[in-house]
Structure formats: C-alpha cells, structure tokens
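Heads up, the next two complexes both have chain A, just with different partners, chain B and then chain C.
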Partner chain A sequence: MRGGGRMGWNLVRLWTLFVYLFMFMPVAVVVLLSFNASQFGSFPMTGFSFRWFIELAQNEAILRAFRTSIVLGLLTSAISTTLGVLASLALVRYRVPGSNMISTFLIAPILVPEVVLAVALLLFLNFLGINKSFTLLLFGHVIFTLPFVILVVQARLVGIKRDVEEAAMSLGASPVQTFFQITLPLMLPAVLAGALFAFTISFDDITGTLFWKPGGVETVPTQIFAMLRNSISPEINALGTVMIIMTVGLPLLGVAIARRLATKSGG
Partner chain B sequence: MSVEAREARQPWILLSPALTAVTLLLFIPLIFIVIYSFWLRTATGAEQVGFYLDNWREVLSDRFYRDILLNTLKIAAITTVVCALMGYPAAYFIARARGNKAILLLLLMLPFWISYIIRTMSWINILGVSGAFNSAMIWIGLIDEPIQMLYNETTVILGLVHFLLPFMILNVFVSVDGIDTNLEDAANSLGATRWQAFVQVTLPLSLPGLAAGGLLCFVLGAGTYITPLILGGPTDAMFANLVFEAIITQLNWPLGSALSLMLLAVLGGLVLIYNHYLGMSQLAKGLG
Partner chain C sequence: MSAVTLNNIVKRFGDFTAVHRSSLEIAEGAFVTLLGPSGCGKTTNLRMIAGLLDPTEGEILIGGRRVNDVPIHKRNLGLVFQNYALFPHKTVAENVAFGLKYRDVPASEIPGRVQDALDLVQLPDVGERYPKALSGGQQQRIALARAIVIEPDVLLLDEPLSALDANLREDMRVELKRIQERIGVTTIFVTHDQSEALAMSDQIVVMSDGRVEQVGEPEEVYNTPASEFVANFLGASNILDAECSGRTGGKLSLDAPIFGDLSIPAEKAPNLGGAGRAKLVIRAEKLVLSATPAPEGTVSVPATVETVDYQGQAVRYFVRAGETQLQAINMIDEHPFAAGAQVHLHLRPQDCAALPG
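Coming up: the complex of A and B.
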C-alpha cells in the first residue's frame, strides 16, 4: 500500500515535469532560433549570431511598433491603476452597501468575451465620433486592464492594517497627511503590482487591439501578427526573444522592487 | 454635513471614476450593439436605422453560423478537458510538493507573462515543415520528407491548450492548496489507501477550483480568433473569426453586432450559470 502511494506520487512528479516541458519547450526554441546564424528561421542551427537582433534594431517598422506599445502601455497603466486603486480602497476600506455586486460589476470587462467588448466599444465610440485611433486603443486597453488591477490591488490591500493610520490620526495628522505619509507608502507595493500588471497586459494585447487600431498603426503584437502572414523569419524569433525578456523581466524586476520596499518599510 | 454623511459618501467618490468607466466603456456600448443589431447594412454600405430582424434571422437560421458555433464549442470543450487532464496532476503536485514549491509556482506564473502571440507562433518552430520535430525525424532517418502537421483543428487545440493550461493549473492549485492535509492523513489512518483518500476527500474538495479553471479555459478558448488564424487552416474558423470577418473585413457592422451578441449570449450564459451555483469568489482567488 505504501509502495503504491510512492509510485503514484512519482508518476505525478513525472507528469508535472512533462507539463512544464510542454509549457516551456516551444518558448525555449524561439529563444534558441533567434540566435541562429542561418538565413531561414528554422532548423538546423548553423551557428551562433546576433545578426537578427541587429536587423531588428534597424527595422523602422518594428521600432515604431515598440514606441506605440510602450506609450500605450504606460498611459493605460497610469489611468487604470489610478481608477483601480481608488475603487479598491473604497471596497476594502469602507463598508459599502452591495459591495459584492459592485465588485462583480467592476470585473465585468473580463467576464465578457474580449471580442464582444472590442466590437461594442468600437461601434459605440464610432457612433460618438471617435474613429479607430490611438484614443480608442487607449480607452479599450484601460477598460480591459481595469479588472485585473482591481483584483490584484484589492488582494494586497486587505493585508494592510488600519492601526497605523489610526495611530497617525490620533497623533494629530490630518487625513490628507495620513494618506500621503502613511497609507500611500504602505500601499506602494500593491500600486506597483497593479501598474505593472496593467502594463504587461496592455503590451501583450492583440485580440482587442486588432479591432481598435487605425490602419498603419501597429503595436508589437500586431506587428508580429502581420509578419507571420509572410513566413516565420528569424527576425520574428528575435522579436519574440525581446518580448519574452521584456514581459518576463519587468514583472520579476517589479517583484524584486516590491520586496525591497516591503522590507524597507518594515512590512 | 455631518461626519457620518461624509464617511458614507467617501467610498462612492472613490468608486465613481471606475464605475463611470465601466458604464461608459462596457455597459452602454453593449446596449448600443443590441440596438445596432436591428439596423441594416444597405448595398451602398451605409446603415439603415430601424427595426429589422434580418441579421438575427440570418444568424439564427443559417446552417453555416450554427455549424461554426457548434464546432467552436466542441473545440473549447476538448481544450478544457485536455487542460484539466494535464493540469490537475501538476497542480496537485505543486500544492503538495515539499521544498521547491516557490520555484514551481514562479515557473507556473511565467507563462502568464510570456506574450500570447509568441507562445502561439512558437509551435510553428516545433511542428512546421522545417521545425524541430521534422528536422529531428529526418536527421534520425525515420522520414525522408517533412510531414505537414500544422494548420488543422488539432494544432488549434494544441495552441489553445498551451495558452490556457496555466489558468487551469493556477485555479486547481489555489483550491488544493487550501485543503487541510490532515484530512488526507485522517482518511489514511482510518484505512483508506492514498488513492482512495484522494478520490474521496481531496478531489471532491478541489472541484470548485477545477470548475473555475474549466470555466476560464472554456470561455477564453471559445472566444479566441487569433489562434485559429495562426495555427489553423482555411476551414478552421471559430465563431470569433466570423465576428472579426464581419466587422473588420466586410464592414457589416449590424451583422457583426448580432454575431457578437450571439457569442455573448452563449458564453455569458455559461458564466451566469457558474455564478449562480458557485459564485465569483473562487474565480477572483485564482486571478488575484
């Protein structure tokens, strides 16, 4: 009986290894091939080279896509983090009647299929005179990232105790002083986490973006999508590697910063 | 104004920007496309305002749309089942592993951060005519000519599983991790084998997590149009591809509205049923 359990456990362990391989092997191949010296974006590996990264850095269309994605991501992140943090504060800090319903209402944008959200927003804003444009993209990205920010920030706000704020107030600090000198620094890791989350989701979005973007404007994912139409070139793999480093490196950096801030403020 | 009244108003002031955004950018637009779906697109390309049932008649009675809808649901269902079969044991392992749990969890979070389009297109490098698999097979000498493995329904499902598996694992993990291991120990000490203890204690208790993961996989899978465009063939369109076609290519916005609402009704209906029986808290746990 015990031996059977042990064997079962080992099977589960093996299965898990297989699942992790399944998740990471294709991505590893993208990174591997991006350093391939060969003309074509495929096997065999003919040598190690940075040439595709250099070509990437000289490709005007890709650089433009990067600029668009970064500006869009930063603006999206700033707006939806602001909205999300305020809403989370209300939901965590106050007893609001019907707070469960409000929560569901606020995360509705990710309960609706993104395609449907994309169509509804495109048609409605077009009706109001806002055509496919950067503004439409921004509105779309804000509404789509807002629920994620609220979920992340809310989860982290719960852990912050009110005692410290009450202590500050009882020592004579005004509510505004308390917010900026006590609450905000304590909340900073939550705010940063939300902002980072919003940025990466915006940076990676393609489903809505293809509906909202005006002709001629490309974000990095739509640029990759357009390039895939031709054939898979080593340049795409190099671009993929850059994307992977950005979207994985940024959150890891964020986690590290949040840790530092948390230990500094004694949390 | 009294202190209590101010106290009561504060949360609403904090909530109002977010509530306004969701109302203006989601709910009113949804109501708007309901109205839009009854308009008509005329031969000149302009929209005829009015109350016409033509779009709905087309969407609801045309076999073409019905077949693609059913096929989309089939693909989403297969994807969900495969995700559950692959993901459950892995999630269980992570939850019950001693030692390097933190690293396993971090590795589990990584795919969420790696770009969806990169992960989807990465399969071309593996299964393409000059991809890893064919190159390896030719090198070993098992085949002479590369096999065409891409661009069919199976690769669409493969891409979807690869994209959605982390959602499943995370949800199951959250739920298994919350189950007291003493329960299994108690079952063991009462004479149950580890397998019996798992089937009769842990598995039933983890069903909410499995359901949350399943819902996410199904709804996200059934709503995608990018994966079929990248990994599917010309006949592998899913329902969301029809929406994209109608809105972006044909510019038939009234028809596109009706198609979107159809998709929303089917998938939104599922979310509502789920919410009725299980509530949103499990989902929020998995996402947060």
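Coming up: the complex of A and C.
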C-alpha cells in the first residue's frame, strides 16, 4: 500500500514536470533563439549574439509600436485605477442603491468573451457614427482592465476597518483628509497591484486591439502579428523576450513593492 | 449646564426603530455608562452623539450647542473603539499626534503633548514603535492617549475593554477610571458588562430594546431596579408575583408566596403607587441559606437545595421552596451545602425591592 502510494506520487510528479515543460518550453525556446546568431529564427543555433536585439532597437516600426503600447498601457492603467478606486470606495463604503447589480455590471467584461466585447463596442460606436481612434482603443482597454482593478482594490478595502477611518474623522480629519491620510495609504498595495494588472493586460492584449485600433496605429502585439504574416524573423524572438521581461518582470516588481509596503504598514 | 443633552431622540433604520424617543442629560465631568444587552440601542446612541449616525428625530446638544448638523470632524470628541482602531501605517507617536495636526497647536508643542499623553497612559517609551508591535492592552492605552491628547469636550468609549482578556480588563478598568478622574473629561461609556458599569460609573443608563429603562447611580440601579428587566440584567434576581395591601408610614406591606407578609421600606419601591398587584424583587445574594432558623426580624422559610453551582469564593444555589424555584448566591463559609440538603432561607425584608405588577 505504502510502496504503491509512493509510486503513484512519483507518477504525479513526473506528469507535473511534463505539464511544466509543455507550458514553458516554447517560451524558453523563444528566449534562447533570440540570442541566436543565425539568419533564421530556428534551430540549430550557430552562436550567441545580441544582433537581433540591436536590429530591434533600430526598427522604426517596432519602436513606434512600443511607444504606442507604453503610452496606451500607462493611460489605461491611470484611468482604470482612478475609476476602479472610486468605484470600489462607492461600492464598499457607501450604501449605493443596486450596488450588487453595479458590481456585477463592472465585473462582467471579464466574463464576456473578448471578441464579443470587441465587436459589440465597435458596432455600438458605428451606430453612434464615431470613427475608430486612439481614444476609442483606450476606452476599450479601460473597459476590460477595470474589473481587475476593482476586484483587487475591493478585496483590500473590505479588510480596512471602518473604525480606523471613523477614528481619524473623530480626531478632526475631514473625509477627504481621512482618505488621503488613512484609506489610501492602507490600500496602496492593492492600488499598485491593480495599476500593474491594468498595464500588463493592456500591454499584451491583441484581440480587442485588432478590432479597435485605427489604421496605421500598431501596438507591440499587433506589430508582431503583422510581422508574422510575412516570415518568422529572429527579430520577433528578440521582441518576444523583451515582452516576457516586461509582462513577467513588472508584476513581480509590483508584488515586491507591495510586500515592502505591507510589512511597513503592518498590513 | 449639561455637557451632553439628548432631546427627544429617535433613530429608525427603515421600519426598525433602534432608539425609541428618549431624552438624557449628562453632567459636565461625569462618567456615564450606557448599559444593556447587544441590540439595545446603546451603541446607536453613542454613534449619534459622535456624529457617525444622524438621529431621525430630536436634537443633540454638546456643551449647549446643537450639533445635529455638525459633522463628526468638527465636534471635538475623543472616540475609543473596541478593536483599538489605531492607524497601522503610523508609529505610536504619529497616531497620538494625528488629532493635534488638525488643531491650532504649534508644531513645536506637538512632541511634548504626545509625550505627556503617553506618560499619562503609562507607556512613555513606545513612541517609535508601530501599533502591531504592542499587545492588545497597550494598543488600547495608545488609543486612549490619542483620544485625550486633543482635549475633547466629551470622551466616547465604545466597549473599549471587551477585546481584552479577563485579568487585563480589570486592570484597565481601574486605569481608565484613574485617567478619567485625573483629566476630568465628561465620559460616555458603552458596555454590556454590568460589573464594568457598576465599578466605573457615576451614572448608569440601563437600556433595553431601544428604550431607557432606568437612569441612576450604580447603587440605586442595583438596589432599586425600576423594572423587571433591570432587576434581571444587573445581577441575578428572584422576581415573585405579590399583592400590595397598602402603605403605612414609610413601609409597604406586601403579601408574597412562600415568604408571606413582608414590610419593605417605601423607598425600595418608588414606582409602586399603593395597594394592588406588585412584583417582589429579591437579589440572589440577599437570600441566605442556613442550617438553622433565623433570628428575630428576619424571615425564615424551609427549602430544599436542588442544584449547586460552585464558583470558588461564592456558590450559586438553586433551591425549591414549595412550588417555587429560587436562586441564591452566597459566600462560602467552610463548605457549601450539597444538593438535596434541607435548609432555611433567610431574608431581611429591608433587602427586598418591589415593582408595580
């Protein structure tokens, strides 16, 4: 029985290993090949080189896409976080009529398939006679990053006792002063996490972006998509590596900062 | 002039009435306790005084000024909560200094006043620490320091001792009373714990179901309960249906089951008009079990011990006299009586109180 159990566990471990390999091998291959000296973005590797990163840095189209993505990501993040914090405050701290429905409504974009959301917004704007624009693209990104911000911030806000805010007010702080002195610092880790979520989700979104972007504007994912139509250039591997560093590294950095803040405040 | 006045206050939440029309005057410098079981409206009252809730009807005056429309941050009150509610991201000194920042206190005076407050609560050396590094009792002292450093007009305490363990609670009780007497601030204390209320208060306001049952000094409330609820809530009482046959001089004659005719002082039954149905209130500790019949002047009734609830220095008996079960709490002299023992119940008539039937 015992020996059989151990055997079983070993099989489970092996299986887990395979799953991980299946998940991460492609990513590892991309990173590995981005340092390949060869002309072609595939094996065998002929040597170690940064040439594709250098070419990447000199490719005007990609740099433009990068700038677009970063501006879009930062704006999305700023707007989503502001709206998300305000919505969470309203939903958690005040008795809003129909707050459950509003909450579901705000979270819904996560549940609706992105394609449906993308087409719906596009048709809606067509109906209103509004053309595709960068603002529309930004608006779309805000819609589907907002739920993440709200979920994260709401969870934290529920954990901040109302008593603490009431104590601050009894000591003479106005509601606004109480928010900036007490509530905001206490929920800062969640606000930062929400902002990072919003940024990374916006940064690597492709479905919605393809529908909403105006002609001539490319974000990094749509740029990669466009490049793939011609050929698989090793530049794409390098670009993939940069994307991985950004989308994995940023949240990790965020978590580290949040932990830091949380320990200091006694979270 | 009273420090706090509640004038015909009513508080309704939708269809539910949390506080029925009630009025209350709290004297300057007094320590007043709102006592009652949970849901009796005591915290609702406190929160209305604090400005955290708006009364549905009536007016609230603090220092003679109507404050109904004054928001909490302009009322100059000290508020202490059950769970301390310290700011976790600020040091102890920053916590205590918080209220001073919103007052006309020169920045140079703040450290001195913070230190004075910390000295007063006997925690002079913790200013640099964060609240989570302190024990519950220490955190509550800091919360108190934070509330009194601003020299509030009224100090509001919402079950401040409930989160502490039993021994610490009694220490803090003495400490809190000492600090209150020292600074002389008008204090409103909310608790469900009758021993806290009796030990600390100048006045107790007993509440039940959103109504004020009785207002009085601890001894008065304890010895002369104004209602059956008060008699049962403060300590343990036996309440028997009785018949009042009238008043002679300063005495009321009552005919009660088991004990027969009793002549009790009129001031022990202030609400009882005269002849008619009445309720006899006998405190459990006034009913003394004895192996021998009573001396002259004391009523004595035979009874059987049914249950013995041993509590160390005291013992609680449930006894049966005739058809009636009574409870008695006695100090233990050598050994307690055993279940089944035949005893005499001794009762001095002047220890009884009576209510209208």
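Please note the rule applied: the second predicted complex is superposed on the first by the 259 of 267 C-alpha atoms of A that agree within 3 Å, B and C clash if a C-alpha of one lies under 4 Å from a C-alpha of the other, contacts with A are read in each partner's own complex, and residues count from 1 in each chain.
Operating definition for what follows: a contact is a pair of C-beta atoms (placed from the backbone, for glycine too) under 8 Å apart; a residue touches a chain by one contact, two chains touch by 3 or more.
This is a predicted model, so every value here is computed, not measured.
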Practice prompt. State whether chain B and chain C clash or fit side by side on chain A once the two structures are superposed.
Written response: fit
Fill in: Residue contacts with chain A in the superposition, chain B compared against chain C
B
Worksheet item: What is the contact status of A:Ala155 with respect to chain B (first) and chain C (second): first, second, both, or neither?
Response: first
Fill in: Touched partner set for A:Ala108, first chain B, second chain C, both or neither
first
Discussion item. After the superposition on A, what does A:Ala78 contact: first (chain B), second (chain C), both or neither?
Written reply: neither
Practice prompt. For A:Thr200, decide between first (touching chain B), second (touching chain C), both and neither.
Written response: first
Worksheet item: Given the touch rule stated above, what does A:Val12 touch, chain B (first), chain C (second), both, or neither?
Response: first
Fill in: Geometry of the superposed three-chain model: angle at chain A (Cα centres of chain B and chain C, steps of 10 degrees)
100
Worksheet item: Regarding the shared-chain residue A:Ile182, is it in contact with chain B (first), chain C (second), both, or neither?
Response: second
Discussion item. One more residue to check, A:Ala167. First (chain B), second (chain C), both or neither?
Written reply: second
Worksheet item: For the superposed model, what is the least distance in angstrom between any CA atom of chain B and any CA atom of chain C?
Response: 5
Fill in: Interface residues, chain A side, partner chain B - complex
1, 4-5, 8-9, 12-13, 15-16, 19-20, 22-27, 29-30, 33, 40-44, 82-84, 86-87, 89-91, 93-94, 96, 102-117, 119-125, 127, 139-140, 142-143, 146, 148, 150-152, 154-155, 200, 204, 206-207, 210-211, 221, 224-225, 228, 232, 236-237, 240, 243-244, 247-248, 250-251
Worksheet item: If you look only at chain B, which of its residues touch chain A in the complex?
Response: 7, 10-12, 14-15, 17-19, 21-22, 25-30, 32-33, 36, 86-87, 89-90, 92-94, 104, 107, 110-111, 113-119, 121-126, 128, 130-132, 135, 162, 165-166, 169, 193-195, 219, 222-226, 229-230, 240, 243-244, 247-248, 253, 256-257, 260-261, 263-264, 267-268, 271, 275, 280, 284, 287-288
Fill in: Complex contact set, residues of chain C against chain A
50, 52, 71-79, 81, 83, 85-89, 98-99, 101-103, 130-132, 143, 146-147, 150, 156
Worksheet item: Where on chain A does chain C make contact in their complex?
Response: 161, 163-164, 166-175, 177-178, 181-182, 185-186, 264-267
